[in-house]
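Data first, discussion second: the structure below is written as structure tokens.
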Amino acid sequence: MSETIGLIGLGNMGQPIAANLMRAGYKLRVYNRTPGKDGSLVASGAVSVARSSETAEPRGIVLTMLTDDAGLENVCTQSASFVERLGPGGIHISLSTVSPAISRRMAEHHAKSGVAFVSAPVFGRPDAAAAARLWICVSGPEKAKNRVAPILKAIGQGTFDFGEDPGAANVVKLCGNFLIASAIEGLAEGFVFAEKNGVPASQLADMLGQTFFACTAYRNYSKIIAEKLYEPAGFRLVLGLKDMNLVLDAATSASVPMPLASLLRDRWLSSLAKGRGNLDWSGIALAAADDAGLNSPTQKKI
Amino acid sequence: MSETIGLIGLGNMGQPIAANLMRAGYKLRVYNRTPGKDGSLVASGAVSVARSSETAEPRGIVLTMLTDDAGLENVCTQSASFVERLGPGGIHISLSTVSPAISRRMAEHHAKSGVAFVSAPVFGRPDAAAAARLWICVSGPEKAKNRVAPILKAIGQGTFDFGEDPGAANVVKLCGNFLIASAIEGLAEGFVFAEKNGVPASQLADMLGQTFFACTAYRNYSKIIAEKLYEPAGFRLVLGLKDMNLVLDAATSASVPMPLASLLRDRWLSSLAKGRGNLDWSGIALAAADDAGLNSPTQKKI
Amino acid sequence: MSETIGLIGLGNMGQPIAANLMRAGYKLRVYNRTPGKDGSLVASGAVSVARSSETAEPRGIVLTMLTDDAGLENVCTQSASFVERLGPGGIHISLSTVSPAISRRMAEHHAKSGVAFVSAPVFGRPDAAAAARLWICVSGPEKAKNRVAPILKAIGQGTFDFGEDPGAANVVKLCGNFLIASAIEGLAEGFVFAEKNGVPASQLADMLGQTFFACTAYRNYSKIIAEKLYEPAGFRLVLGLKDMNLVLDAATSASVPMPLASLLRDRWLSSLAKGRGNLDWSGIALAAADDAGLNSPTQKKI
Amino acid sequence: MSETIGLIGLGNMGQPIAANLMRAGYKLRVYNRTPGKDGSLVASGAVSVARSSETAEPRGIVLTMLTDDAGLENVCTQSASFVERLGPGGIHISLSTVSPAISRRMAEHHAKSGVAFVSAPVFGRPDAAAAARLWICVSGPEKAKNRVAPILKAIGQGTFDFGEDPGAANVVKLCGNFLIASAIEGLAEGFVFAEKNGVPASQLADMLGQTFFACTAYRNYSKIIAEKLYEPAGFRLVLGLKDMNLVLDAATSASVPMPLASLLRDRWLSSLAKGRGNLDWSGIALAAADDAGLNSPTQKKI
């Protein structure tokens, strides 16, 4: 259990994940492109390295938690990358929300160096990451998944295996985010409908969360929307657009029309146009209220 | 507890509700417009009456479970109706999914005869009704709600009170149906997205139901959609259009645009146009698959 | 040519139509439910009558230009109506924008009195009516259409015959209004797209009107939208919702999903919610600008 | 008038454009990546060159008519490109439908070599190109536009100037294509509405083209849609998706939600999923009929 592993990417998800790995007994070499994010981790015993490649050791394991496809590709394909240093027998666990396509391409790329690519995107906000209560979707080579299972166990409350296709876990992650965003849109419209027909949204939220929608997605977001708790953001709205575009890109590649995803994307663009990029991503719910003539101090009455 | 009450409407919801009322000790006078639905109830001790008004006795209680606004209005406003017979101190419990507007109008109409109108639409399919596990939304006069509480307790697993406005409970019921239908559309699109990107819908359904969508609405419908269990119908698709139109009508009255509700309505029309009216209402999910070129034996490949 | 005919309905379309009929040599008996609309017509020689039925004479012709289905049905089916007075050989020309269904029902109703029902809804705003430049869609019994052809010629610039089905002309009228509203939505989105990408809408409007969209619908509305000329209203926005609902009702009856019509309806509801009911109906174009963060003095910048 | 100019890209638009340039007296050096497209042009006197750079001469003019952004960028930025050969005083006329962004980037890129970039995308199908009846939108440096005016005159029936921003003409071109596609969707829904309500689409098309939609866009496409003349394709459906994506990308960059454009994109994806990629791009109209239960030999009736 005193294995040393690497972690690249110390944003608001990467940091609590690193802390939990150390808590579980792993020794860590950490790297972040922008310096200054590793202070508390180093204080707890992590080794901060100057180049991303130095997080790796031959036949070792490196996790990455990065912003987007470009960030992932860049860190993997630069010359003398951590992938090359891992070499035959090494494993790269990719925790980021990225496209299925990049995972598939990276898996091929890694194979040339004898490195296994395990896709393991996570569901959960920073507080869930801190509590080691992420839900993890995983796909990739069987043997590699077995070897990294204890690592994933240390950071999440459950892992779901979607087979060998390195893109599969990303498909599931994108689909999950689409479904959560769809629930947000439903709640947004439903609550405006209720309010303008005389029923307080909070009463409705209370009933839904106790009955057929008694699950975390509906409980969390119906509370946020009913009480307009969009600040501080758990997941910033401006970042949500990236995920919606990943969904629509993968849908386009597979010729899948998704009118609800298209509606969501338009909600995102409108929210950004109205200066709401720093709200929580559920702030797209304000659009339904805008459309119904609420939120607008300057509106004319008929 | 050996009070005698009336029940009008013995469809696939009214019958199990009647059975549970008798099981709880109530004596029943039952009526159905189309004869022949009361056989087993009479065998269990219910009295079948020839006219809807005969379900009532002065100062008594009558429940109605009818198809639509017109059915409700008709039975209440015909000459020598059960409402007149209930008279001062009587209570009418309306269980049907109808518009907020008709409930408000009936409440006013009943008040002229001294009868309290309690709106109490229910969530749940026939199997939930049979198991006395309906969720009930209630609104109307405080005193009347108190008196009928044991009756509602006998048929459901929980009652949620939305105040005195007789239309409020209907607003909640419509909103709830809209949200369930929205979840169906989300799942429909998400599953086609997953399948065409290589992930079986059933695996996805399994994960969702154990994690952030661990609630009956998602568990039930993700299973139905993933496995295409549209027959036999729990709630017929052709009847769902009525509910969507009620939602959109109430939204129109309150000037609330609901693009997701509009999308759902179009899904309904398309499903009817394609001859799917007798499937379960979640059969609208087939439309997302149609759009993606599935379900169509005659399609050309590019 | 000195035939006396009747006209019921002296709104902002009925009045100029009446004037043109007199200009063409017809003698007129006119009626309007709200009094005081017939001053100038009477000054020009029209006879104002006190009851709608008095506009008719046996075997004569009466035109109606009314607001909606209810207005039409009411004036036709009241006791001792103008239809009964027309009697065998009489003709009713219905110019109003109403549902295909009501036209079909009225045709049957009239037949019982031996009266022919000719549906003849018109395209054009009050200024086109004043210039006798309406476009007229007509359907109904052949013989009746032939007899009234000179009357329609006196008020329009062209008549299009859609056969014997009394509802057919209404179908075409509703379809035409849907197409014009669709063009408005297209222009609205396109102009916001252009403006936010640096191209003035007026330059774009100018180009479109000289090239592939060199037609009145695009020329008129691209000018109105580019220059925001929504007041005074040629056709009030609040009335446009009626037409959209007629379109969607007829679409529902025929199981025709129309996502663009659904989008338009939502634009209408939003416009009404924002207090824009008295603008020209093309004022729905403001919604696309709202969504893009324009029109909103209070918006926050990112 | 015996000036020698270059043309890169001899597809079904480039070829008739080249022919018209020669007809107007220009000498041509032509290049196409895939060989064998220049036979008839060479027979008419054009010089076929082996490298794209050889189409250029110092201070000369080169036109490009290419498929997409990547094709344009590639031919401009390869080493020893035609742009370098043009050098100070040279002009590149870009006729392709590409993004505003690439035009702006290319303009900056060309400026380093002293070459003026004139954006001049065209409206019109191959038959319009052959008849020298294209509509041309132009933007770029004033002086360069003046010098190339006779060239544009030789291939089109009119040029519209949108100022100095090299991206402006592309914005207009994308907006125009969006508006034409919007008109197609409107006609598609409207015609299905009419047909299922008993009015033949061809009668409706006839009326529209003589009245408020008496313009080429509506006349052409209402005939194609009413009579289902989707083969052979004037502009292939599979290529139309590229244009819709360019619209949505530019809309995203400018935070402009366009629900009608989103609907169109979904129509495209559905059409491709159903194997309709080789139909004319107006073949997206079949989707409205699909949704209404038409086009489907296997549908069940209710």
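Letters A, B, C and D name the chains as they come in the text, with residue numbers starting at 1 for each one.
Methods note: contacts are C-beta pairs under 8 Å (C-beta built on N, C-alpha and C of every residue); 3 or more make two chains touch, one makes a residue touch a chain.
If you're wondering where the values come from, they're calculated on a predicted model, not measured in any experiment.
Enquirer: Is it true that over half of the residue numbers where chain A touches chain D are used by both copies, so same, or is it different?
Expert: Interface between chain A and chain D is built from largely the same residues.
Enquirer: Which chain has its C-alpha centroid farthest away from the centroid of chain D?
Expert: Farthest chain from chain D, going by C-alpha centroids: B.
Enquirer: When the centre of a chain is set as the mean of its C-alpha atoms, what distance in Å lies between chain C and chain D?
Expert: Taking the mean C-alpha position of each chain, the two centres sit 37 Å apart.
Enquirer: Between chain A and chain D, what's the gap in Å when you average each chain's C-alpha atoms?
Expert: Result: the chain centres lie 39 Å from each other.
Enquirer: Give, as an integer number of Å, the spacing between the C-alpha centres of chain C and chain A.
Expert: Their C-alpha centroids are separated by 53 Å.
Enquirer: Taking each residue of chain B in turn, which ones touch at least two of the other chains?
Expert: Correct list: 251, 255-259, 263, 266, 269-270, 272-273, 291-293.
Enquirer: Touching chain B in the complex: which residues of chain C?
Expert: For chain C paired with chain B, touching residues are 245, 251-252, 255-259, 262-263, 265-267, 269-270, 272-273.
Enquirer: Show me the residue ranges of chain D that touch chain B in the complex, using the header's touch definition.
Expert: Listed in rising order, the residues of chain D that touch chain B are 238, 259, 266, 269-270, 272-278, 287, 290-293, 296-302.
Enquirer: Which residues of chain A touch chain B once you look at their complex with the stated criterion?
Expert: 100, 123, 135, 137, 158, 160, 162, 165, 167-168, 171-172, 174-176, 178-180, 182-183, 185-187, 189-190, 192-194, 196-199, 203-204, 206-208, 210-218, 247, 250-251, 253-261, 263, 288, 291-293
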